[in-house]
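Chain IDs A, B, C and D follow the sequence of writing; residue 1 opens each chain.
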Amino acid sequence: MSFDYTLLLPELILTALALVVLVIDLSLAPGKKQSLTWITFAGILVAMAGIWPATQTSASQTLSGMVSSDGFSIFFKVLFLTVAALITLASGPYLQQKRLPVGEFYILLLSATLGMMFMSGSRDLITIYLGLELASITSYILAGLLREDPKSNEAAIKYFLNGAMASAVLLFGLSLVYGLTGETHLDIIGKVLNGDISHWPIVGVALVFLVAGFGFKMAAAPFHLWTPDAYEGAPTLVTAFFAVGPKAGAMAAVLRAFTIGFAASSGRWTELFAILAVVSMFFGNLTALWQTNVKRMMAYSSIAHIGYLLVGVTVATTVPGVASVMFYLLAYAVMTLGAFAVILAVDAFGPGDQVGNYAGLATRSPLLAWGLTLFFVSMIGIPPTGGFMGKFYLFSAAVQNGYVWLAVVMAINSAISVGYYYGIVKEMFVGKPLETTSVKAPAGVTAVVAITMVVTLMLGLYASPFLNWATAAAALPRFF
Amino acid sequence: MAIPILYPLTLGAFLFGVGLYGALTKTNAIRILMSVELMLNAVNINLVTFSRYITPNNYRGQILTVFVMTVAAAEAAVGLAIILVLGRNRNVVDIDKITLLKG
Amino acid sequence: MSLPLLSLFILIPLVGSLVTVFLPKNSVSTIKAWSTVITGLTLVVAVVSMFQYGGAPVDANGMKFAESYNWIPHFSVRYYLGVDGFSYPMVLLTALVTFLATLASYSAVHERHKEYYALLLLLEVGMMGVFASLDYVLFYVFWEIVLLPMYFLIAIWGGARREYASIKFFIYTLVGSVIMLVGILALYFGTGAQTFGIMEIAKLVPAAQFAPATAMLIFLALYVGFAVKVPAFPFHTWLPDAHVEAPTPISMILAGVLLKMGTYALIRISATTLPEAARAFAPWLVAIALINIVYGALAAMAQKDFKKMVAYSSINHMGYFLLGLAAGTPEALNGALFVMISHGLISALFFFAVGMTYERTHTRDMAKLGGLFLTVPVIATFTAFTAFANLGLPGLSGFIGEFFVLLGSFPAFRWLILIATVGLVITAAFHLIMMRKVLQGEAMTEWKGLKDITGREVLILAPLVVLIVALGVYPGPLFAVFNPAVQSLSKLITLAGGM
Amino acid sequence: MIQFTWLVAVLPIISYLLIVALERRLGDKTAYFGIAALLAAFVLSAGIFVEVLNGATYHKEFTWVISGTRAIPLGIQLDHLSATLLAAVTLVSSMIHIYSLGYMHGDKRIPRYYAVLSLFTAGMLGLVIADNYFILLVSWEIMGLCSYLLIGHWYEQKGPQEASMKAFLTTRVGDVALMVGIWLFFAYTGSLKFGEIGEMIKAGHVPATAALVGSLLIFGGAVGKSAQFPLHVWLPDAMAGPTPASALIHAATMVAAGVYLVARSFPIFSAAPPQALLVVAIIGGFTSIFAASIATVMTDIKKVLAYSTVSQLGYMVLALGAGSVVAGTFHLTTHAFFKALLFLVSGSVIHAVHSQEMHEMGGLRKKMPITFWAWTIGTLALAGVPPFAGFFSKDEVLLAAANLPARLTEQGLGHLAWIGNLVFFFGLATAFLTAYYMTRATILTFFGQPRDHHKYDHAHESPGVMAWPLIVLSVPAALVGFAGTTWFGEHGNWWASFIGEQALEWGAAEPHHIGWVMPLAIASALLGILVGYLLYGVAGVKTRQNAITALRPLYTLLKNKYYVDELYMGTVVAATLAFSRVVGWVDQNVVDRIVNWVGAAGEWFADVAGATDRYVVDGAVNGTAAAAMSAGKGLRRLQTGYVQSYMLTMAAMVVVGIILFQVIGG
């Protein structure tokens, strides 16, 4: 089988970019590394452009069928690259302010993105594992990037130890699957499992291991316990990335693995994901109510959002199920990055990361305050925002497939979530600030806030193109 | 085929159990790391066993094993680095003392 | 192709709101003038549309001024606007009350003007959209758009307990609306509709043959969402708090228009789409209506806070709407719709009257007020006028609605309506008590020298007063607008085994 | 001219609007708008009356609303009865407008007073020309509103405040009953018109029970407005308003509206089962004697007249109940004149001595001759001394009552004929009491020695603007009664022929002449005057005090108006207020709390979840670990490791998942 490089062009560009950054980083004197930001940013845009050739061909595969390039993976690649680009855009002054190693940050970010991109395109357990580990290991380092900060150290060690064990658990599940089917290729696994074998109890055991492993990576309750600590301890910029990237990557892998590899056993894993969804929503939202640290609160909020997404995964056997998850991921990525951009600004260039630090932000920096409000509104799921459209899609996918109760649980949770978002909004608009000087966010951060605001609204008001895209991409091709 | 498939699989499960036990009971971060490596090796045994017994003409399991070993090495490197920084900053390797972040 | 009138109702304030955002923060008078022009322009368009309404052609669903474009083809969601007898008067009411509220804002808002007026205009966008949209998703979007500006308007510019009141309002309505969304989706998938059109789905429901229990569940899901807004007992407790804390113009809009969103939805969606379930629910609705009437009146009587009393009287009045809806006869439905309009006018006036007093005395405690007839005679006279309008004095619009509701309810409920009449007496009582405490009596020294009514305030009062009297004497034109829609709904209800 | 009937009602409205609009510029001069409008209305009404005398009638309607498929028309109509009342009301009202100019002189709110007075008159006129219940109701409530405003004219004081509220609320109870009645009949007939409803009842569209209940509900409206027992309590208190207003509201117009309502609704009453009218008769009869008995002990001159009004209204209601529209409306008309006169006279007296207490008056006859003579004419008319107006109308009423037993027997209620007799006795006793208390009032006020010299010295005859209306009103008070004599007309008397034709159509009864009624009536009136004279003109204070001591319980009972007010305050009012406080409390502390409880429960759950995360999950993990490691030695150390708790959770969850899978259905 030949190696069709056009299908892997973005990955290749990204790899090259990481190497280029590494080299340039070495050649730049400390403190003069601002140019790296723009090199990375431009490189990511080039990588995004590199997706173009793949869109011109029909879905196809390469690397002996281990990796495929189809609408699904293109969707996720665009998503990951956008996330990386936005993170890069917001990063410059922040890295300087926190004295983070600039070159390392970009290299790790790019590597993690690369890993996630592989996860989304993988059609084989081997590549899924590799992509996952690439993303995970770089993430551990990113979490501990503030080397002098004990909290950052702690976040890294906790994330690492949990992650390592989760990898082991996942691998154990993979080994069982391999043992059962004798294959690592998802399409073949799906074929083999589509017989009596799918009723074997051991399949269930393997599924549990896989769900636990992936559940950890996407931080679904009850495998979420590491998340708040890692989010709080990690540098805010990294937290922003954690809140979106690895989750989306794991979600992409789950969607493909379970709908192709384990489609025949769907009766078993749908219920598992439904349970995970409910537990995540309740745990995330209820615990978030008690947080005073905004980053920690956002961690719990992200757990709840994974719960919403898992509602879609529960019905992922249908195209709307997959498409709704994808669309919501898009909306989630945009609004979460936007929110974290504001949090970053308030944390690094303003008073701090406690809820109380947000007092009077509406007068100190109206754009940030209204932006954060819009993102929260979107997260609650109130129109006319992307969050609403996404939830609406998840909702209707669930109701359509008879999971009305799950939709109701989701509705209840949306309402609960008001509780903690409100706390911050209240502080921003009603609270009395200690100082009244305006909070000056760097241009890059402001740009991220502005862009994500526009896109959040666009996803709510002009969702059609995105919906069509997600739906077209959600039809996963089968090659065997 | 002198050895029944059950034997190596049992060994794998046992190793996984031992690794898990170690990971959950030891407080020294390095020991936990080692225990996790043990779990990965248990998986490797599984993979190789399956590869040999179930699909002798197909080396995918063994390929995966190679990757797992490689990744485990990388993981260990990163893990040790993190533990090192932690030890330098706070002079601890006992993870039950690392509880700044909670709640 | 004539003007897309309904889109104008939404677009004008939307553009106005966006432009406000970019106006300089400190040029307060520009901001005020701009918002006034925008809401005034909306009102002008509303008035112009009145001349065209009668002769306007109707579309397949009997809607006038209809506009329909694909919005999200993926969900078969359309941008479908149109009005009929149920919604058109509400659109006009919204235009009027918002304009007057903008005028009233001049003296009620003293800080953060830019944000305030931008939000006020955004609020109008939402309200107009709710009344004009005929697609469930579009409806829901506008429904929620209303929620946000309202929350901020209370939370930022409200009284002492504004945080509590605003979040209470927010959570109540949000919980209601997400439950409503479940109901909407259940309808959509239950009927297998290829569209989210409100009218289209209503036509498909008979063929879908829902089991009665299913239909009832869907009905209840929708009902909860709407009842919170109305508000129907026992979902009413957010209202007094919200009203007390909200600034005067916001109270005007809240009572004048916002509550009507709930009643409008009940009549447009619940009753029209699920008439059988509505029938089955009618006994409960009657009970709720009667509780609203009597309980609201009694609770109002117990209040010491002027504004809170008015708020509870809103609960009381919404009971008449619910009663009329439950009865389902043409007279009762016409009456119920009339209650919506008339309460919209009267409550806006009442809250404004309370606001005028409050702006001068800075208290709403009725025990501290008194003798206003002597200190601020014109304001006091208007307050008295409003009180009489509110207590249902014949000759004023408040009476017509109640009269027709009960007139039409009698055949349906017979002696049950005697309970409602108890409410009529109590309503009169607490208004009189209020007048005695606040208006009558010797002039109190601390309120001497207060400035009586200003020209701007007269400008706000006058249209409301004129309309209240005009509609009270000759309600015919309004009935003529209601009646076609009422007739078809009444027929539906009768088919559903009504009286 | 008859086509301008609507103008009669609109003229006062115009004056009302003019006064309101020009109040600031013209001040007290706006009063002339009211006077001019009313005089014009009177002239117009008089013209219309003449046309009606010549046989013209008028009816005009327009479609008011269309609801469903049903058009609801409203209209105005003019027949003999309404034309008469139109003239009477405009006459009395215009006189009162003029009179007020003097009486209210110096008051600080003259424009307000005149505006309300005009609007009030408009209400009454609208009511009279209505052809349906809706316009009637609107006019009815306009009067209610205006009476509220007039009674509360001096709203600085506590008395008027309370009295105005009481008036509005008490009549509101009756109004609500009336409205329910209207709704009931609309439900069956789909009509709001007086005549149509009656015809449809006759045609059997309304079940008998419903017709009975409905007509009683409509009567309920009259009970409230015309201050019949048990809703009479507001009228005496309403005397807190300016006296000319009392003359208008509580003598000639508003209270008459209730009687007029029953008369207008007579087609309904007569078509309904006979019990309906019997109840009307009983209430009327009882009210008349009940109120008259209270009037005998009142010392406030206006209170005497107030209770007298209640009593006389009872008379009218009694007559209607006895089936005689002729008698009821006749007494209504005559009473309008002489009671208005009496009130204005009392106003004149009060104006002179600045007191309403008869014990502070006395001997005023010499100081105020015009006033005195006007009073005398009024008193004689009220007492029923021939040939003054009241005599003829009261005679008709008593005649109708005397006919009641026979009528009941005719209607198949023979077993209730005794009620007829009882009611007649009430009427007769009332005639006696009326004569007695009026004599008492006359003597206390105008005869004897002045009891308060200071006040007496300052007393003077009222100015012309007040005196002339007295003179004008004295004429009809003295002479109108002749309309009820056999000297005019065919049906026994002119009035009976004028109204009776229509009344017969409505199903009214034509009383048979009973010879002994008239002498009996004259006798009881004269007896009343005699007793009054003996007690107050001849006997001294000592004798009266002895009499009071002897009759102490009865006296106390009467003095306290049978404790009806106290009863209401203690029961209905107190209960409502208490209940409202309960509801207010419940709303704030229970209903609202429920929601807060839900919120609290949510917080509690959050707490639990938070705690679960912190303690239970960790704790359970620790517990699970404890169980799993019970043989091992690393037990204690595990309990402190947070990171490991997380990891343990993951492991435990995998185990749980596998177990779940195997148990539930792998």
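Here are a few things to note about the model shown:
Note that a residue touches a chain if its C-beta (ideal position, glycine included) is under 8 Å from a C-beta of that chain, and two chains touch if they have at least 3 such contacts.
Source: prediction; values computed, not measured.
Central chain by Cα centroid: C, whose mean Cα position is closest to the mean of all protein Cα atoms.
Ranking A-C and C-D by contacting C-beta pairs places C-D first. Inter-chain spacing, taken between the CA centroids of chain A and chain C, is 43 Å.
Chain geometry summary: the mean Cα position of chain C and that of chain D are 34 Å apart. Taking each chain's centre as the average of its CA atoms, chain A and chain B sit 26 Å apart.
Measuring from the averaged C-alpha position of chain B to that of chain D gives a distance of 95 Å. Looking at chain D, residues 610, 613, 643, 647, 651 sit in touch with two or more other chains.
Touching two or more other chains at once are residues 171 of chain C.
In chain A, the residues that touch at least two other chains are 157-158, 161, 165, 169, 290, 419. By the definition given earlier, chain contacts exist for A-B, A-C, A-D, B-D, C-D. Considering their complex, residues 63-70, 134, 137-138, 140-142, 145, 148, 152, 155-156, 161-162, 164-165, 168-169, 172-173, 176-177, 179-180, 182-184, 186-187, 576-577, 579-585, 587, 591-592, 594-595, 599 of chain D touch chain C.
For chain C in complex with chain D, the touching residues are 168, 171-172, 233-234, 236-237, 240, 295, 297-299, 301-303, 329-331, 334, 371, 373-374, 388, 393-395, 399, 403-404, 406-411, 417-418, 421, 424-426, 428-430, 432-433, 436, 439-443, 474-476, 479-480, 483, 486-487, 490.
In the complex of the two chains, the chain D residues touching chain A come out as 602-603, 605-610, 613, 617, 643, 645-647, 649-651, 653-654, 657-658, 661-662, 666.
Within the complex formed with chain D, the residues of chain B that make contact are 20-21, 23-27, 32, 95-96, 98-99, 102-103. Residues 71-75, 112, 115, 137, 140-141, 144-145, 147-148, 152, 155-156, 162-163, 167, 170-171, 174-175, 178-179, 181-182, 185-186, 188-189 of chain C are the ones touching chain A in the complex.
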